[in-house]
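Handing you a structure now.
The chains carry the letters A, B, C, D, E and F, assigned in the order they are written, with residues numbered from 1 in each.
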Amino acid sequence: MYDRQGSDIMNSRSILVIVRHPPHGTSWVREGLEAALVGAALGQPPTILFSGDGVLALLAHQQRGALGQKGSAAMLEGLSLYDIEPLWYDQRSLETRGMEVSQLMPGCQQACVADLIARHDVVMSF
Amino acid sequence: MYDRQGSDIMNSRSILVIVRHPPHGTSWVREGLEAALVGAALGQPPTILFSGDGVLALLAHQQRGALGQKGSAAMLEGLSLYDIEPLWYDQRSLETRGMEVSQLMPGCQQACVADLIARHDVVMSF
Amino acid sequence: MSTLHLINRSPFSTSILQELADAVSEGDHVLLIEDGVYAASGTTSRVLPEDIELWALEEDCTSRGVTPTSDTVGTLGMAGFVALTASTDRTVSWF
Amino acid sequence: MSTLHLINRSPFSTSILQELADAVSEGDHVLLIEDGVYAASGTTSRVLPEDIELWALEEDCTSRGVTPTSDTVGTLGMAGFVALTASTDRTVSWF
Amino acid sequence: MVSQGLTYALMVQGAPYSQQASHSALRFAEALPAQGHRVATVFFYHDGVYNAASMMSPPRDEPHLLERWRALHQTQHCELLVCVASAVRRGLLDEGEARRHGHPHPTLEAPFELTGLGQLMQAAFQHDRLITFAP
Amino acid sequence: MVSQGLTYALMVQGAPYSQQASHSALRFAEALPAQGHRVATVFFYHDGVYNAASMMSPPRDEPHLLERWRALHQTQHCELLVCVASAVRRGLLDEGEARRHGHPHPTLEAPFELTGLGQLMQAAFQHDRLITFAP
């Protein structure tokens, strides 16, 4: 599959994955992260941005769900191993949710959303 | 199926159907109305309340979707034939959406939501 | 006669709490479950009148790393959730 | 270099427009489709900066009985939707 | 806590694996007997009908929702009712519907049953409580 | 309007019959050729995978979404790719996956193909535009 296009095409297009939904209640966060991980495995780590309720996925001290649902915290902590770092977040989304930077897991960094979008060729939303 | 319980049980429990989602974009409105119609066919017409984005289902002059989707306007106009009337709406939801009563289809009436809920035995949400 | 109101969606991306504030009666209970528990910490739930009891489902708080504001929000296990549905007259889901 | 932002959810029960206001750049386009077209009438869309172009998909307005506020919102058919995705550099969906 | 046991109807409107509604409904239903109650009817509506997809094959380290519903049926003897209009358009057909639509094999099997909305309304009339688990 | 034709990838995340996403994606895709463009890849993810349910049987007066996707495949020669991880847990299995999980019959058929997320990322790298149709 990797051969289907030249690697110069691969390298010429940058991808931004935006996560805008909260973890646990739906599968959006996991699905966005899985797409990002596969991009990294193909040699092209996407940029990842948490905005809106997506910033709730960055809260420290999360656990598995009561019925054994995995959540997304473990995946997030592993992203840096695949050169997906930092975990960009929208500061305004944090503020409107009454959250402090100190509540976030390690590896998060404040983003300018408009700039991030303008700097990428393709944007995927989850 | 109708025989499975005595009609006195049937008549002793009142049902309120609350519609809180907009029409067209999802199937919630149609599904709520279909449940209400079946209740009426069983001889027990539910009360129906439009709140939140549900009030958008009451806008006059709606049409079918571009791909032939039916929408809900025709169903709403037929409810009175099944003794489901009036179409109760939450005035505050109307106001926060910048809507006027004059924009609604015929047969709508302002509700006190807290009272409606307290007066029914069972509430179904769509 | 009282009602249990279930909220399972994030209070930040929806206006459910504002809508609910007009729909509750004195003595009603509100239980936050699933993504609704994000309303359990901070000041989000202040739009609700003070004569209603506000609860959050403990297991959904735990998985999300949410600590309820203890003086305004009680926490319940699944047994408490069941008990609330039994002791109230009806349950309304807001989503 | 510009971006097309697609909005398909009701502006009344979500806070997407407020979030979008910080995410747009000068020259970007915003297209309201599906339940997003409820932002096309009235003053809902005023939170967006004035240097972006605001559009609503005509067929979704028609089915919903929505009349866009003509001095601030343009209407487009499906051909116009396609043309916007071609003339901008990327499309972002907000939902 | 309550001396007399109540019968419950649950309406499940959330799709499995994308939304928590099925998980919450199962957790709730499984907690009923400890207080003397039981779930009598589960009605699947909206995208909740997908809970009945008979070939559901989750990874081993994730909950198998269909098996959980089947276990609930066995322990509490509840009906698992699936809205027939919602199911058939989405491709969930029992043996009869499969035959009627010219397909050789069903995609929905017992203990799940395709039924009309009348069964939902009757469950609401008949049981002590109706609880909706939505997406 | 544009002199050179573009290739499009569509990501469809909305479930059929409960959300408008599939309808919007189809309307959009069908409008591409008039301006010289074409859809090269449709990738179904999240509850969008249910668009590929092979026994989907809507009432006659409603659009048959599976048939519309099939027609799109024929006219624009696009791939119809379904995320295999999302599909299998939800009970959508092609012949190989059905065999592997001990089921006698598939619930997903050509022209739909089960593929990994690598194909989604490659479509994003390869085609000129990616448009997401979400619930």
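Basically, contacts are C-beta pairs under 8 Å (C-beta built on N, C-alpha and C of every residue); 3 or more make two chains touch, one makes a residue touch a chain.
Note that this is a predicted model, so its numbers are computed, not measured.
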Contact distance in steps, from chain E to chain F: 1
Greatest separation from chain A - chain, by CA centre: B
Most widely separated chain from chain E, with each centre as the mean of CA atoms: D
Averaged-CA centre spacing for the pair chain F and chain C, given as whole angstrom: 39
Centroid distance [mean C-alpha coordinates] between chain F and chain B, Å: 34
Centre distance in Å when chain D and chain F are each reduced to the mean of their C-alpha atoms: 25
Multi-chain contact sites of chain A, meaning residues that touch two or more partners: 24-27, 52, 65-66, 69, 96, 122-123, 125
Numbers and ranges of chain F residues touching at least 2 other chains: 17-18, 20, 27, 46, 62, 86, 130, 132, 134-135
Where chain D touches two or more other chains, by residue: 8, 12-13, 15-16, 34-35, 59, 78, 90-91, 93, 95
Touch relationships between chains, expressed as pairs: A-C, A-D, A-E, A-F, B-C, B-D, B-E, B-F, C-D, C-E, D-F, E-F
Chain F partner contacts - residues on chain B that touch it in the complex: 24-27, 65-70
List of chain A residues in touch with chain D within their complex: 18, 20, 51-52, 90, 92-93, 96, 113-114, 117-118, 120-123, 125
Chain F partner contacts - residues on chain A that touch it in the complex: 1-2, 4-5, 9-10, 13, 15, 27-28, 31, 34-35, 38-39, 41-42, 44, 122-125
Chain E-facing residues of chain C, complex: 6, 8, 33-35, 59, 78-79, 81-83, 85-87, 90-91, 93, 95
In the complex, chain E residues that touch chain B: 11, 45-46, 85-86, 116-122, 124-126, 130, 132, 134
